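Alright, structures below, take your time with them.
Look for chain A in each of the two complexes below; its partner is chain B in the first and chain C in the second.
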Partner chain A sequence: MSTSKKRLGSIVRHGLLGIWAIFALFPLIWMLIMTFKSEADVMTTTFIFTPTLDNYRQVLLQSDYLRFFTDSVITSVGAVLISVLLGVPAAYALARYKFKYKEGLAFQILSFRFAPELLVVLPLFMIYQRMGLHDTYLGLIWVYQLISMPLIIWVVRGYFEDISVEIEHAAQVDGYNWWQVFMKTLVPLIKPGLVSSALLAFIFVWNSFTFPLMLSGFNVSPVTVAAMRFLASHTVQYGQMAVAATISALPAVVFALLIQKHLVRGLSFGAVKG
Partner chain B sequence: MAKLRIENLYKRYDLKGKKKKNAKLNDFAVNNLSLDCEEGEFVALLGPSGCGKTTTLRMIAGLEDITDGGIYIGDELVNNLHPKDRHIGLAFEDYALYPPLKVYENIAFNMRAKGAKNDEVHRRVMEIAPLLKVEDLLDKMPVKLSGGQKQRVNIARAIVRNPKLLLMDEPLSHLDGKMRQELRTEIKRLHNKIKCTSVYVTHDQLEAMSLADRIAIMDLGVLQQFGTPLEIYDDPVNEFVAAFIGEPPMNILKTTIAKIESEFYFTFEDSELRILVPNRYYDLLSDGMVVKMGVRPMDVIIGKEDSKGEPVKVAVFENLGDERRIGVHVGDKLFMLITSEEVRYKQGQSIKLEVRAEKTHLFDIETGLRIRN
Partner chain C sequence: MTPSQTTAEIAVIPENINTVQFKTRIRPYLIIAPALLVTIGILIPFAMSIFYSLTNFDFRRRDYDFVGLRNWIGMFTSDVFWHALWVTIRYAFFSTGFALLFGLGVAMLLTSIDNAFSRILRVALVFPLMVAPVISTLIWNLMLNNSVGIVERFLNLFGIFGFPWHASHGTAMMTAVMIDVWVNTPFVIVLIMAGLQSLPKSPFESAKIDGGSAWFNFRKLTLPILKPYIYVALLFRLMASLQEFGIIFALTSGGPGNTLMNLSLSAHQRGFRFFEVGISLTYILFLWVVIFILAKQIVKRWQIAQRTATGRMADGSEG
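So, the complex of A and B:
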């Protein structure tokens, strides 16, 4: 191929990528701009306005937003932690041991992700009300397992399956007991998959809306649901809502940027069997 | 360094439900195995896949529970010891190097796990590395190594701890031809140098023959024969051992003994071929008796014009330069002959065959056991 053709191809490619980037990022940018607009400017489409921090002041200082943010952090981190603590051993068992209905069980775990959340949330609501789990941290963390656990189990299981059993045996002969083998030789090997699936699970849980909408209340309320509050009052506070949305999107965006290199590799490595 | 003694070793994998009821004797992966390895001896466990050789090795290493019997390293019964307390080095088939660690740390791993001091570790690694010619690889990551290099590191890791017993599980099976030969020689050299009691599992008879002081041949969990390579080659106890050892394999054919003019002949179904039976078997035979005869291709001789027996047509003639291979059809099997004589045959030409008396074996048609006199 001649250089001019190559250049043309490169221009087209970058052009298309540019269009995609604008399409994907524009809502985010629009939202960001909205946060700096005053109530009067919010509905205009001009980019020329007097920036104001009023919305931030309102949301961060004069509302319960920070409390909701903390609720989100507690429930998301708690959910992912429990998923890791229970999911990694489960993934190990599914990868290493032979037992009855193993594949069925693995599929069952995965199928938690199939059911539309709306379908299960109503019965869950009733159950939670009866059990006193409604509007509690524990209740949310529990229901979030439906989102985070399958992801972690399936990704990490693929990693365990890729590790030769002989490595475990080698470590045993080398003087490690089972626990040390697990922590010191296996965990480092599954780390890329564990970290990326855990972070992805965190993002999914953080963004979850349907479950907390029904299962949380005034005591515990993650940001996704809390942002709705700005709609609920008699006037719609678009500027404040934008601030709430921006801040609640931050962790997901930051994490995604931080791990993007590992994310693709981490999630695809275990899945492709040689 | 230590002796290894295996006494009446059994291994049976857990069977559940229905299978348990139908369990038979041959469900044993290892069935009443007894072995004695002298100090510094190199013993090969040889057999086809599924014969229980790897299971045996894993029981010696402590990676597999023992159903019954005893394993002694030195004078110590190790049945219930954790692998780490058995003072063994184990070289794995798949190398099993720790991917995140450099070669140096892989070799040092065992000593580190036992809390050895840094300079002690360094001294020992530097001592072992040249033995296996891995001193240039110490800074590399395992993924960068070739199969042969990985196996060298794997063996280095196994011997760095000064094991009483070195166990190797098919260490060469994933390597290509040339590398395999090279490393085989290296293992031999290494053994001569460190003289560590070694157990070597392989399905490759050539490896076993060239490396081992003694070979234990197993089939279906049962030890068939335990002896020096030469004993096993020249004096197999049964048909299985005879057929398993030797390349090309021994000709083993079902034959009916025919008595013609006071002489015994091997005759074969669907073939005119008739071969004179060596004299030494005359006491054991009778007219019409059915046995199996076994003779290695090198021990079949081209008969002369006036030799006794009936000729047969040549089916295959291959001239390999330093040897010539002649094959004749006996039923649906090929009876091979290898000679270094300068002879030339065409397909379809008649040939008479004789066998070397002392190298011809008879096997019981039912049990496969050697018929001896």
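So, the complex of A and C:
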């Protein structure tokens, strides 16, 4: 009686989870399948077809897609690098020093993340046009700091706080100066946190849409914006559309796999130490 | 140079104590300054937006007049605004609510099963969160398409033909919320899973001996400890869904008609299609105030819940 009840419970749980898994993963699988379908097969929605690489060939060789992809890479990598270079020392200061307005400053940095992006974008659009930053790499990299900087500062700060001050003292006693202590003892210890928050920041920047939609044009076009324009302007080639989507999703999914263990901490800006 | 005011540093008596003290006091600010400058440089627009919301600034004309609170009064007396506010509230309520509900459910299912199936899903279920929401919306758009979409073919099996999805006034909100939930539930799952894994074992074992029901266990033991995690999920999801732009823009640009015109999309339309920057900024500033107040409230509750939870955890490990 009790074992059969348990059995039933287990089946129900597996069933419910299975339903969710289909809902969550089917769109991605379907997209992947679409990429291998010829334009004629796309219309039939069957799963049996002769796979072709035509879509990939079209998108990668005969369209501007690689240029958009490169734009995404340049702006995302640039934004994350700047955030790491400036954010890690800031995170250190916020973790170690006691000073006036510390929590206020930290919260201020966090609040950048929650401010509506449009609030920044509208005036920035005017400023950028006047400064010549509109539709440039630098312009996008700069505005992306609002996405990547708070994330990196808050997550890395948490990792610094986890390191005992004693370790720093010991290194000082050994005769290291401040920079050496920082680079030789602290950086190795926060490395997992730093790498994971940098990769997560990369994903967020890579996926952002509102900023590049309004602050970039035809010179600099990240994939998110390019995909939208592609859809609006062309007679839609569904297979090629799917290829564009798949390739743009690839870096983020791969990075997410790499940082699994630290994902919670990054996603919650350090609020949850998983 | 020492990184903090350590005992070692204080022990060394400097020649000029005042300069050294000043240097140590100012050092943290100097270290933070570059990061702040880069982000605050971006925040100048924020101050500008408050100013411009009091003007009749227009992208087409380069000069503008100060109009006081006219934009604000105009906003509060316009039907467009109240409609946008209502859309914003419904969208945020449903997408946050369902994401939390499903996230909680799936996370509990995942932790209750321990086999290859659940271990694979723990990794794979995060994927939707990593795809750009705009791209996800495009994929859904293709799937829901009435001529080539696979969902249409699936529904045909049940005798449903040409379900309107985002094309009809009645189902557009549901469709947008569904996509939002698809994109964002993984975030909640990941958070709640972390919470569930932090649960202490002993109180559950004693409850089992006492014969507590599953619901009783959940309400009295699991929920209090999960609460801080739920608040973090609520905070992030609510803030983002109140200002959602990408998903709706990619799905219907606010249509059909004005069905999905929330505050963000209305502001975007005012600013970039009608060029009425002043009015557009009033919408967004209003939204920002709402978000700010809500965020403060949720953070307060989160901190209380966290204190309670850590108290309980300590009790649990002792008992």
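The criterion applied here is as follows: the second predicted complex is superposed on the first by the 238 of 274 C-alpha atoms of A that agree within 3 Å, B and C clash if a C-alpha of one lies under 4 Å from a C-alpha of the other, contacts with A are read in each partner's own complex, and residues count from 1 in each chain.
To be clear about the criterion, a contact is a pair of C-beta atoms (placed from the backbone, for glycine too) under 8 Å apart; a residue touches a chain by one contact, two chains touch by 3 or more.
Just so it is clear, the structure is predicted and the values come from calculations on it, not from any experiment.
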Which partner, chain B or chain C, touches more chain A residues: C
Partner chain(s) touched by A:Gln260 [first = chain B, second = chain C, both, neither]: second
Chain B versus chain C as contact partner of A:Ser76, first or second or both or neither: neither
Chain B versus chain C as contact partner of A:Thr185, first or second or both or neither: first
Contacts of A:Arg13 with chain B and chain C, given as first, second, both or neither: second
Partner chain in contact with A:Asp174 - chain B first, chain C second, else both or neither: first
Which of chain B and chain C A:Tyr97 touches, first, second, both or neither: second
Touching partner for A:Glu166 - first (chain B), second (chain C), both, neither: first
Contacts on chain A seen with chain B and repeated with chain C across the two complexes: 169, 172-173, 177
Chain C residues touching chain A - in the complex, by the definition given at the top: 1-6, 8, 25, 27-29, 31-32, 34-36, 38-39, 41-46, 48-49, 52, 102, 105-106, 109-110, 112-113, 117-118, 121, 123-136, 138-140, 142-143, 147-150, 153, 182, 185-187, 190-191, 193-195, 197, 228-229, 232, 236, 239, 243, 245-246, 249-250, 264, 267-268, 271-272, 277, 280-281, 284-285, 287-288, 291-292, 295, 302
Partner chain A, residues of chain B touching it in the complex: 58, 61-63, 82-84, 88-90, 92-100, 109-110, 113-114, 157
Sites on chain A touched by chain B in the complex: 164, 166-167, 169-177, 180, 185, 188-189
Residues of chain A defined as touching chain C within the complex: 10, 13-14, 16-17, 20-21, 23-25, 27-28, 30-31, 34, 42-43, 45, 82, 86-87, 89-90, 92-94, 96-99, 102, 105, 109, 111-112, 114-124, 126-127, 142-143, 145-146, 149-150, 153, 165, 168-169, 172-173, 177-179, 181-182, 203, 206-210, 213-214, 223-224, 227-228, 231, 238, 241-242, 245, 248-249, 252-253, 255-257, 260, 263-264, 267-268, 271-272, 274
